[in-house]
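What follows is a single structure, and I will ask about it in a moment.
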């Protein structure tokens, strides 16, 4: 059955698979010191135009969020996030389990706004009880957000400004980064992220790899970050598994090519639904599209095509998510058109 | 200067001080096995009409909240609390530091409502992603709340009903319990709390003791709770310090007598402000009174009497808190009357 | 250069690689619900003759140890381990970072002995201060150990007996399990492990997979273990990556065939060194061989072949480790013979 | 019954009790900002001749150890301690619960030796796997030790030298500091400790207070240490309880006077046992004396006088502990003489 339920339902994109096959017989170093991890690191630094960056490859997203956040914060500090942020909702409390409070901010279609961030910080600074509170020290944003939306360049600059004013680290969760960077509405790129973020990651699991996320500290990683990765169980002994994949993704522009496919298919999918008069829950420019279905229609569609039920919408409607990915084809969209 | 800034600005009430003096030269056992801790335990069980209860004395409130919550929850579980709950706002993230997420519910003058609790649980149970979420397993309420309000018997029974339906533990923070139980509006008592709570504590620090909170598990404490107290640094070697104080507080009804004084003085204080036309932020029946002051008036009053600045109220007003306690006298109120 | 430095320096064994290639284009479920993870689970249960077992696939070893230990213990409990145990030495304190004390026992060529375990438990039970101590609740053993040695059936039964007597869980770290089960000296098998262990894992990273360890709870996993995996960052979204690999490893006896190769090559390697008069640090029957080299010889050999420097041995000698693996060939051994 | 079982079986010394009585009716600030805490702080800084020191008052010893250690270490760091150290044995794993590994060193009558510390650090620095290990970052010593012994000035200077060489923080647990500083064999004082330690604490619970330990950072405390105290539940709201006590203890040399009494009584007690031919387990110069008793004698003595059973000594003997304290009188010793 045609399936748009998520963007990690397939294997690896062909260049990644080819690289795994080609290198399989080679003997390499381990724990991040293999030649492919080193190559991937250099290619990512070049793509970010951040020659001083430190890059680390980690197997999964929650693991990356938990490792980065808990390694960058002191024990009395917390991380600000949209209330809809993945770390606040769908990571089984991994950040709190590591000892850190997620300080929730209101969301606007998944995004935080610099003004409310500023107001929070201002309130904290002026609170006479602040020694009895959690010190906000990091801002977590996702790009695209959990609702498929993206921040504009100016929105990000405003957030960065507040971060500078209040000495907050900016951490961008790029689990679906490619789909954000390659959509029509996007006015930023990797080098820009490397300029404004203290740390961000480039998602592989959802963009063409079997697994893997590339953490980028554009300036400098925390001291002994490798040991902190190890301590949190996030270090793959056979690190080449991640190195080979990211080396392939960042050769010949593969990462952006396949991400563009995901974004383009999403545009077609969106148009397909719009043309048929479907109502959208959110105006997402990226590979996740949120559509409002009558519950009857929902039941009917579920027999024909895979998608994800998101949340109830009033009494008799439901928000559902259709996700495209690097592997979605134009044929898939055409087939979908017939079914809806 | 006359001071209503908080309810822990004085030493101990006379019976507690007398007991400390009287027992000072005695030799006792330690680590909770001293005769005074045992006596206090028995008297508290009697006052709760809970013969099977297990009682533990701990030095402070945040320590008690953190120890109880982290000892009762499994690692994947979290605690529901009003967003204004002390554990969510003013304990420097102690619960998260211990590894547990505080799941915030809307507050209504500091209280949660059973209906919203039910809705939260219902949403969680029906969420297809719930394995990726924090499992709500405990409800934390404070009595009185951080805004001085109290739950009625029927409100508590409704909350208990939701707890029963969803297998949630109910934990009541009684840092100011006496002032709640002894105010005019209160329609519950200790035995009732022992019936509906899985665990609660009777605050001593704010009600006549030098320090100390009595944790009551009406049915059964978690196995090896003593070791968990020790592990969290919450065990006083010279446990008699707490034992002697709670033994005195629960002899001859001292705890309730002195708490009643705090509640009665609050009533007078409230009337005093009301008579002079002051505006109240919240209609609190207990020892914390929240008053709205013009910022000019605020500055003027600050030179005459001690109180706590709570939060801004619009552009040119401020919410302030006046707290009475076991040590507040009628003379204090009369003097206040002249100053405001 | 010929390389015996470790057993995770190559890619995947051919059947695993073939399976990854073959399934790459398929669409599957995620988070452990994909058909390959389910198949792997069933095959592993069959291989263990443990129809009620629960099996979980996790990406790496430290992650597995930390997740299993922290999910099985209550906060006041600790895990007993040989002082040389991987969790005690080479996981950057991951177990302690998760909040649990590793209680070190003396080691005998990497193994603990039932008698000393019994003595420890006896001492604990009789210690009047035990409420102020960490409660031993789990025994961690590795098979083979960090020194390549293995426990005999009778040794394991004795350890199990102590576990039964003192209500200890038995956890066996099988990062190199195949090499232990397939060596000549071994008198146990997977079904035996499933009978005596409360939980163990079958290592893939070091035995033919790109990554992955299969955790087996022969009777029953802790409730909501999936959420605890997620919370510790140890859940791969694209779980098929592990499922496909373990499905292949447990089809047609692949796991045991390739492990047998590693064990057989180790036997040849051992004989090769012995024939040339080299001294052994430990009489290891598995794929890790520990040899004592003069420091001059060490320097000479390092230019010719890859191996790991283990530890100094007196003033002018050094212990080194040569590891074979599923990928070591007879030709490798012959070539080594010429070099040493 | 005469009781030498421990040094925290009595109330407070008279000057402390008097101060509590005298100040009871006063109104003070809270959370460490009360005038008595401030005065105590100044007096302790003067006694330490450390004008830049930061002093914090905390209720109990395990709490202090856990708070100091977890506030001073980064997540990948650990604390070195004698295997017999209190943090390693009798705090229910509080340090590990806070996420930090205790790295055990051999003990010599409770003390570590600079040479072995150096060897450990040297081994760590040279270990090629050190990124996969816990980084030693702090040395924990107790003065007197858990066996009543004390370090000499030269021993401490040697330890400090290793700390300097390897960038280790030195933390001294002074739960019984007074008894160590006031015994005949001691050749150091408070100002010396302030010179060589990065942090230490002056015990009150066992030296004349109802409760309380004074943490001294001679140079500088970690940033936001107050919030870290709060977060660990270690902050008393009514901080005057500790402030008044330490203010009294550090007025008119009270602390040293009463500690000297404990040390002098121990000397008499030791002589009493020695004169009667009893065998000593350890030659302790401080208030804890460890004596070896035939098990028959043990049973007989237990009916006459309180003491603590320490550990078995061979087949039919037992080590027991007799502790004197600030409250032990010459009459107590005379009475003991008649009983043994």
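Order of writing sets the chain letters: A, B, C and D. Residues in each chain are counted from 1.
Convention: a contact is a pair of C-beta atoms (placed from the backbone, for glycine too) under 8 Å apart; a residue touches a chain by one contact, two chains touch by 3 or more.
What you are looking at is a predicted structure, and each value in this text was computed from that prediction instead of being measured.
Taking CA atoms, the transformation carrying chain C onto chain D includes a rotation by 180°, reported to the nearest 5.
A count of contacting C-beta pairs for B-D and for A-B identifies B-D as the more extensively joined pair. The greatest centre-to-centre distance from chain B, using averaged C-alpha positions, is reached by C. Averaged C-alpha coordinates put the centre of chain A at 42 Å from the centre of chain B. We define each chain's centre as the mean of its Cα atoms; on that basis chain B and chain D are separated by 33 Å.
Residue positions of chain B touching 2 or more other chains, listed in rising order: 75-76, 91-93, 97, 99, 131-133, 227-228, 230-231. Those residues of chain D that touch chain A in the shared complex are 31, 70-71, 74-76, 99, 131-133, 135, 223-224, 226-228, 230-231. Interface residues of chain D facing chain C in the complex, by the touch rule stated above, are 75-76, 78, 89-93, 96-102, 104, 128-129, 131-134, 309. Those residues of chain A that touch chain C in the complex are listed here as 3, 6, 8-12, 17, 20-21, 23-30, 59-67, 91-94, 97, 205-206, 210-211, 227-228, 230-238, 240-241.
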